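In the two complexes that follow, chain A is the common piece, with chain B as its partner first and chain C second.
Our next item is the complex of A and B:
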């Protein structure tokens, strides 16, 4: 069963081909899909790709940035309008992977991948899907039921730019540096007004099958000063409502034990 | 950066050597840094076929039926190989060194005992076609209860992992279900010790993780020979194993090794060369068989897990007067090299210390995990972790500086080791001095003045009165030797026929043969734990010529054990 590759000039054409065949997969950067091809994955026999230049554009508009889903991690690192996301893109894979891996592909990557998506989740990004107009959907909604979107193609990702660059924090915890995959990733957006946190968004990746919000932590932070007492309270509920999994990198028990430690370090600004 | 401490043992050295003690460049360094080192996979053959295995998704299962009808019709499939196609489908690696029973098929046809064990091999025009056909092979599995822990595996009633060793324990020297070390009398010493301190230490398996996965390419050569390019770390080991499994004289095999793309012990198991040659024999075309990364991790044999229980009798002044080990090596489903690792490890006990009473029972246990094999210092590394962790624990409990505690107990030149060799060129004390100096760790004057050249020997050179026992004695095995079969005066015991077991028909040359006529020893002091309650019946009596008891005891054991006669 040889694998067919179908190329399209536009994302719309690719989307039509993708919805027509259940055994087709959309090729973003290929860092996960080509591995599956090499492993002889029997679940698909067609790769659909688009060479649409629009999908590789970054547009700064108003108080946000709209990123084409085909923008690579290396392009994120290099783009001057995305400097707040550069530290996130820089820890995805090694140089070869960053050169191919796309922002759109990361949205569909299952654990232990998806560090970039955790950052997008903390920042409250919106996604525009091909074939669906309007304002698109919130990333929360997309992640909540990600399997439903497997046959969809993401056109763009709109990310609000943090007004205070220091309000966005990100930590990827891996055993092998600098290229190891994450046993836990934390992204936190903590905007402050009059010294108090307003509208905290804290997201984990690799603490479940997909990136998710740490709502208990957000509640502990909201309306508080970011002081030692608040941080203690947030760390105490680091895993409330979260059921981490066991994989080859770490057991569920280990993840639960260390999540609070890493959250605390992130909130205190302690660098490790 | 190498620092030579030539102030130590200066009078033992002439320093007139050209290579030893001098930095030298690896001979393959230039090829590696210029990207020109040739690996096995760099050899291209026209019409190369690719081999992929159908593997067990279960830890333990009976193979009811392998249905290849659909797979055979897949595009590009040239041949599907089953266990019955392997001329001598049972082997143990160390049979080449006259050690252990054949226990592992190249392609399993009755039962699988670890996840990833092959039950069929597809040969196809492309790797992708081979993978697609593998997905179409239908195996009817009957899942069996699996045992994944060494101590669970030797409990009565545990599932039998390896039918050749129904007690899930390797049989040492045809006599015991474990390797013994007895030196002095530990129980008497424990009774006199100020403190008895115990510990349990567990090491997990470690994958060698070579950059180049294991593999081999075989091709027909002139004069009815086969040429094999391989990543093996043990070229002649692989050649002889191929010769045995395929019943091909070794002079028809032309093995070419070369650059190993990372090995670390993980490329000695010789699984790929016989499969590649078999593919070439069956198709007449060049065949490549190589692990992908997932197989390298799941199926490629790791350093095995080890569990150690240590019990030390110590005096308040820091002297260790007795040390007892109970060790379990997790060999996985088959023997591979763990049996040998234990021989090596037991020779190392009780570590680089002089302890007057030492006892060890070390078990090579079969579990439904990936078979374990060699990796850098295997047999020693794990137990050294246990020993040194335990040394720290004792030093802490006695309130003695951990380095001084090691110096107090360090072996010195002229001391008798537990394996009954005199220690020489011991330098542990000097290593402690340098380590303390480098770490800025202060030592007492007495510890600083200690020397491995002084205070050894004398009473410390004597072999103490040693208490022995027969526990763990197994019956039904005799030590034989096919390595000696053809020597003159062959009146020594040797395996002439296999056991009446499920594998009997396939075993035509074995090192240790179950036999009903083995010499009877005194009854063991404790009930022998083998065979386990659920074990299949002991191999029935086989026709074995009666021999005088005297001759039966005179048995040579493998040279790797360092034992000549017993």
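Our next item is the complex of A and C:
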């Protein structure tokens, strides 16, 4: 059955149509949804889209920056206030994909995708959903139960800006250069006070079905100086509590073996 | 099924067509308008041979919902040559044997045009990055990279646009 398309000029109108429809999806850049349409995916029968300029805005306020969910990876790369996220957006797909792929769509992408979301998770982003006011929800909570949000619309993503730019680190490991998809991705936010790490957040993507936190690594880092001994301890627990998957790129065993190596390189600041 | 009117500019001339719900831009260009220069490779975003420029920026037409291009400027490989004069990129591709089977060529040309329009003096690394979403199974990429660098150096590029 061919898919139906409904267009609205506001996100609110689109949200109402989504909640009324039986099996509809909100269209971002379409890099995943149009694939599904081309494949004849029967799990949804309607695409809902909104031509709402507000969903493509970037606003800096106080210690953070609020990104419209419809902002593309290419726009992230080009935006002055998002330079801390540019190295992340730059490694999503090739140039054409980056002109289309949105930040909002990345939140819903399954392995091996979700590189940008791993960075948002490490930075402790918050999401605002259309039709739900207030402070929005933490990205951790969103990812824990992501399927629940498939029929809703993310309006904005608010990201705290790292006070020390060097505190945010990111590495995407892929086999094909320069573009390949991730074997695994690591994003780490390691703020320090008086030389010690306080409030470490470390996230992986492609180490499970969706981006997740490496809580054992965070515990090993917290309160410590980022020295050789701490890095050894963090690497030793790189996969504690994590069950990586096997896919066409790598087996679970391989992911477990190399995650510690890449984590160690990221923490020592070693370039490959 | 719903059919919707759609208007856009293709290589500078106005087009008005009807599109079906869910139809992608590649299909509209090939079947609706009859421009066969954008190719269908995978329909999955993986090969890049369907690349077109939308308002000057490369997009994958197979993953672009056709009705989202209302009022926009589309460039395909059919819009590169001016009459009998090949575009400097096309000429450089010929001179450097950058097309073998030719299937990747339309996408490569447009990815390269988007790069050179923005950055007339690219490094080799810039070129590799610009075509990183385009797969070629024949040439091994080196002749394509050489051709794009040569076109950038050729003086004709800017006049051609």
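Throughout what follows, the second predicted complex is superposed on the first by the 272 of 272 C-alpha atoms of A that agree within 3 Å, B and C clash if a C-alpha of one lies under 4 Å from a C-alpha of the other, contacts with A are read in each partner's own complex, and residues count from 1 in each chain.
Basically, a residue touches a chain if its C-beta (ideal position, glycine included) is under 8 Å from a C-beta of that chain, and two chains touch if they have at least 3 such contacts.
Values in this document were obtained by computation on a predicted structure and should not be read as measured data.
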item: Partner chain in contact with A:30 - chain B first, chain C second, else both or neither; value: second
item: More chain A residues in contact [chain B versus chain C]; value: C
item: Which of chain B and chain C A:94 touches, first, second, both or neither; value: second
item: Contacts of A:179 with chain B and chain C, given as first, second, both or neither; value: second
item: Chain B versus chain C as contact partner of A:40, first or second or both or neither; value: first
item: First, second, both or neither for A:226, with chain B first and chain C second; value: neither
item: Chain B versus chain C as contact partner of A:2, first or second or both or neither; value: both
item: Contacts on chain A seen with chain B and repeated with chain C across the two complexes; value: 2-3, 38-39
item: For the chain A and chain C complex, residues of the former touching the latter; value: 2-5, 7, 27, 30-31, 34-35, 37-39, 47, 49, 74, 93-97, 99-100, 178-179
item: Of chain B, residues touching chain A in the complex; value: 52, 75, 127-128, 131-132, 134-135, 292, 294
item: Footprint of chain A on chain C - complex, ascending; value: 1-2, 20-22, 24, 43-45, 48, 51, 54, 57-60, 62-65, 67-68, 111, 114, 128-134
item: Parts of chain A lying in touch with chain B, wherever the complex brings them together; value: 1-3, 38-40, 42
